[in-house]
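Next come the structures, one after another.
Presented sequentially are two complexes of chain A, the first with chain B as partner and the second with chain C.
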Partner chain A sequence: MSTLAKQPPQEQAESERANRTARRVKSERARGENRLGWMLAGPAFAVMVLVTGYPILQAFFDSLFSYRLTDPAARRFVGLTNYGVILTDPVWWRAFWVTTLITVVTVLVELVIGFAFALVMLKALRAVRPALRTVILIPYAIITVVSAFAWFFAFNINSGFVNPLIGQPDLNWFAQFSTAVTVIMLSEIWKTTPFISLLILSGLAQVPEDLQEAARVDGATWWQRLWKVTIPNMKAAIMVAVLFRTLDAFRIFDNVFIMTGGSAGTETLSFGAYRQTISRLEIGLGSAYSVLLFLTVVLICVGFIKIFKVDLGAARGER
Partner chain B sequence: MDQQNYSTRQKALWWIAGLAIAAYCLIPVLWILSLSFKRASDLASKTFLPPVWTTENYDLILRGAAAELFLPALRNSIGISLIATLIAVLLAMFAAYAIARLNFVGKRVILTVALAVAIFPAMSIVTPLFNLWRNIGLYDTWPGLIIPYLSLTLPISIWTLSAFFREIPWEMEQAAQVDGATPWQAFRKVIVPLAAPGVFTTAIIAFFIAWNDFVYGVSLTSTQASRPVPAALALFTGASQFEEPTGAISAAAVIVTIPVILLVLFFQRRIVAGLTNGAVKG
Partner chain C sequence: MNARGVRRTRTAIAAAAVVALTGLAACGSGEGGPPSLNWYVNPDSGGQERIAKECTAEAGGEYTIKLPRLPRDAPGQREQLIRRLAGNDTSVDIMSLDPPFIPEFAQAGYLAPVPEDVKAQVTKDVVAGALQGSTWKDELVALPFWANTQLLWYRKSVAEQAGLDMSQPVTWDQLIEASQKTQKRLGVQGTRAESLTVWINAMISSAGGQILENPGAEVTQYKLGLDSDAGRRAAEVMQTIARSGVGGPQLATATEDINATEFEGPDGGFMVNWPFVWPRAQGYVKAGTMQKPTLDDYGWAMYPAMTQGEQSRPPYGGINIGISALSKQKDLAFKAGQCIVDEKKQAAYFISDGNPPSAKAAYEDPEVLKAFPMAPLIRESLDKSAPRPQTPYYNEISGGLQRTWQPPSVVDPNTTPKDSQSLITAILRGDALL
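What follows is the complex of A and B.
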């Protein structure tokens, strides 16, 4: 400002005019960039909103009706009754707790095994690293239904190799809840641990080596270095991996369908929604079920971000 | 991190750890492979390896009685997954280019929506789609699956590609133009080779996800007109009520696993980069 004041009036006016033009050019450029940005990203954005936003709104609308596909004439508005029916039904709560149990156990076990795998991959001899990376991707890439069948057949009382191996020829794993849910969780853990281990590995690779070195020089043991240096430095990577896996595990459906079909008390929330809609053709109740499943997932996600302060910027690759 | 001067004992330990991981990852796959070569009469032997090797299960699903169930499903799976991948990668390419190179209002909104769609429980939109598809005639058709598959393939494609595109040195395009290349040449000779690996990797990851789908496949189809392999496998039935079609399912499972294993074998380094770039970046 002080330099401007010293300029002769005419020059000052001119420089102001130049500033205004520059600003206008800049805002025009910004507008152009906005327009181009939305032209390029708009279609993808619209498709994403259409394929999820519209159906979930439709589900909410349908959930306000008592409507069974086999009896369309009897369709009538019932307000929030369907939600009341589901939330006072022990079947929903049982499915909720089964799903929660599967989610908590699998994610914790995956985290421990995944961490061990990541450490091995980080330290493995360079010659075997590509081979390790290949085998570790196989469970990730295999179809969930195929993995569910592999585990189902392995524990099957008529054809499985597991029973003779552990000397329990008469154990029917899928006849009671405890053993059935164990096999379901084993197959889920097997399939998804590689993904979590790769995320942890990429987090591990970002822990500064000199920090490790300094701790080593100061006489910290391997265990102390792990807890005091490595893990605190990769907390963001771990939390994002845990959030994604939690939400993914909460949707569990494929393994349950293949192994038990929801019997032996193993019905999960996703399976419940499937049963209401596809098997029983209860569009009203099924929609309410779907909306509740959706809200539960949103709640978990928000809770996670609030409690653990997960940095979603990291997840979006913005850092 | 590459202090590879291990003692012999340490080397042996890392080898054992590596082999343990390999065993963990491969045993269930080897088991279903072994099952696929077992005769129906040997299933009760419960041995890990077949006592007698046979290809009768493959005959059954490729030429025999189960072929009319399996082959159309295989065709549906390949076609639907490839189309859903192609559309997703194409849309994501434009979106990711804008996100990586332009500064525009709403960029964060797009990325947040992609994140929200990725965590969306697929089963939640099955009920409304089931009803809607039946009303407008999309139930049990290819488009009826391709459209919901986009909710699976598009968000991950946008992230993965945005992460890849952020790392492209875009200045090189101008540098080439300064050196006398036309804009088109600069784009084709400089940018396309730099961007192609990321696009290709994204396509592989999106394909895995579409190929894996079961929720939509089992809920939104009813016949072999559109039913994909995972759903067909789940609904396979034996020759009689008392006979489990274990061998046929195993053989079909092996066949649909082959493309996946080939992709992993050839592109493992890129797939790992794509998975970790897209999800976590620190």
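What follows is the complex of A and C.
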């Protein structure tokens, strides 16, 4: 079954040879296209470097100082001390594990539900398809802060409808970690599943129908076709969706800020960065915190690309 | 690009230019009128907006006051103002400031020194707490506006049922016992927010202690008074409230609003809260969502004491008016500030918004006494109140307390005061995260 998904070796070799010849022939044109590409994307690239590169470098520079915003005169160079303070503090590690837990659970659940949604959107009757897609996408169109408030009020012990519904009038959802983090994750899943299902939908649409048909003719069941044909052919799309969502989930802030304000042990890494920089006004310590958060996100990204061999180009159909 | 494309681009550029110029013209036309002052206010029930309008009218064209709104909670207000001032924003003229953050603003040089003549006028006959809250390093740095304090609110029927004599000062222990006996709630602010610090500070001060013993010292030399008999006593009261269940299931997330809602309901027995709960209940009666007998059942007394026979030190809060040192129209801003804190306006503000005045004279106003029968008690409470630690590092101290004394169910007199003392000390020295 597994060979079904791939082209026969001989055909593949031929097409590669043809490609190589084509590349030589088109080299002049390719170079021109390349130049045009840079001219078109160059300004955007320069702006990106300016608006993301500059703050990152500035943050790294600031992180080497003991610097409080309200007392600029007392700023002094402390080297890597701030990093030492953060990495030896249980607050950082607790936030790190809480963030990891939220990321892993939400991304896994979203992947499963998102895949199901994508299948529904793909296979739905033409007549209901636009309406269905709209319904599935609505949560994603809602501002995170608004959705956080909606979930907060729903589970609020005083005004929420959830407690009467489940017959637990005295359950204070936001008083302990287990229940508080559950609501935070539920709201995150509700809000961002549409994003993942949209990316998966585009991947699903790329799976050639003839492969499916061939499998069907060979007597493969629906389940076998899903695992042996559909998923292997859209691996790139899935990995890109998972990568983007992981990076996004790892920076979770709004839900925690609105629902618990970091109480009940629900502080995440982004929340910690906010606390040091914005609330404590400790620019040095906060910058070090942000740089560490940035490095963690970079590590996740590199890890994904190396371990799962995610090809970002493939997802756009550039192969 | 073809000719048509070029033409379209040119039209677009021209259109953009027209829009931009119109925008500039709109800005320019504003400069003809009287200079406008920006008064950054905390959200209230509309009283500050009314005062701004009145002062604009009274100024007779000398200035107008505009009212940009700050976030709802005090830490949010501080964050936004500091970020503006640290970024040299000259558009900030007048600020409504929560007193615990005034030292931080003053130390950073964000507050314009109060001229002598203004000082003489605004400090005349002002309650002690508000004067102290507007002062940093023996200098007046803000104009006392309104001064808040918490009272002990009780249901007369519940107190009677418990056999509690409310004409005498009561203690936390008595309240806990009475709540247990009557199966009613004792409302306290156990949420991880500024209001928790208000509660802890009031208990430690009432037990004769001080959270920060030497606010004049260098930050690295700060001596905290948490790991003390007073600190342990405060932790003991909090632990008992949490363990006995009289705080209700909301305790760990209870804010002033949640306590007020609970007190209005069938479980209401006792609560410590600001005076806003009184106009709020009256409003409900007027709207028909609360029965008049419930309102008549409201009683008020001095903030609970820690020890029988000893005087309590109730919380102090409110808002004072700071004039930005970066403002380009400081003289006008001080004039407007004087108008805002006028004692008649304070009295009217008390009646409309439930925020008690800092001017003593306002408490004799017959209108005030009619609307707030507990006004004399509020004034007495303000005179006995204890401010929260006055330090530019207040945010660190409050944040450290909120981390270690929350949720109330984990508070233990044997460990919490000691742990919070060492944590806050480490935070202040830059050795720990908050």
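We adopt the following convention: the second predicted complex is superposed on the first by the 267 of 319 C-alpha atoms of A that agree within 3 Å, B and C clash if a C-alpha of one lies under 4 Å from a C-alpha of the other, contacts with A are read in each partner's own complex, and residues count from 1 in each chain.
Rule of thumb we're sticking to: a residue touches a chain if its C-beta (ideal position, glycine included) is under 8 Å from a C-beta of that chain, and two chains touch if they have at least 3 such contacts.
On a predicted model such as this, the values are computed, not experimentally measured, just so you know.
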Worksheet item: Between chain B (first) and chain C (second), which, if any, makes contact with A:Ile86: first, second, both or neither?
Response: second
Practice prompt. Classify the contacts of A:Ile307 with the two partner chains as first (chain B alone), second (chain C alone), both, or neither.
Written response: neither
Discussion item. Contacts for A:Thr70 in the overlay, against chain B (first) and chain C (second): which applies, first, second, both or neither?
Written reply: second
Worksheet item: chain A residues in contact: does chain B have more, or chain C?
Response: B
Worksheet item: Who does A:Asn158 touch here: chain B (first), chain C (second), both, or neither?
Response: both
Item to complete: Identify the partner contact of A:Ile278: answer first if only chain B is touched, second if only chain C is, both if each is, neither if none is.
Response: both
Item to complete: Identify the partner contact of A:Ser263: answer first if only chain B is touched, second if only chain C is, both if each is, neither if none is.
Response: second
Worksheet item: Which partner does A:Phe174 contact after superposing on A: first (chain B), second (chain C), both, neither?
Response: second
Item to complete: Would you check which partner chain A:Val217 touches, where first means chain B only, second means chain C only, and both and neither mean what they say?
Response: neither
Practice prompt. Share the list of chain A residues that count as touching for chain B in one structure and for chain C in the other.
Written response: 69, 158, 276, 278, 289
Worksheet entry | Interface residues, chain A side, partner chain C - complex | 66, 69-71, 85-86, 89, 91-92, 157-158, 170-172, 174-176, 260-264, 272, 275-276, 278-282, 285, 289
Worksheet, complete the sentence: Within the complex, chain A is touched by chain B residues 1-2, 4, 6, 11, 14-15, 17-18, 21-22, 24-26, 28-29, 31-32, 35, 43-44, 46-48, 91-92, 94-95, 97-99, 102-117, 119-132, 147-148, 150-151, 154-155, 158-159, 162-163, 166, 208, 211-212, 214-215, 218-219, 229-230, 233-234, 244, 246, 249-250, 253, 256-257, 260-261, 263-265, 268-269, 271-272, 275-282
Worksheet, complete the sentence: Residue positions on chain A within touch of chain B in the complex are 30, 33-34, 36-38, 40-41, 43-45, 47-49, 51-52, 55-56, 58-59, 62, 69, 117, 120-126, 128, 130-147, 149-151, 153-154, 156, 158-161, 163-164, 187, 190, 194-195, 198-199, 201-203, 205-206, 209, 234, 236-237, 240-241, 244, 247-248, 250-251, 253-254, 257-258, 269-270, 273-274, 276-278, 283, 286-287, 289-291, 293-294, 297, 301, 312, 314-319
Item to complete: Within their complex, state which residues of chain C touch chain A.
Response: 75, 79, 82-83, 86, 104, 107-108, 110, 191-193, 249-253, 258, 261-262, 392, 395-396, 399, 402, 406-407, 430-434
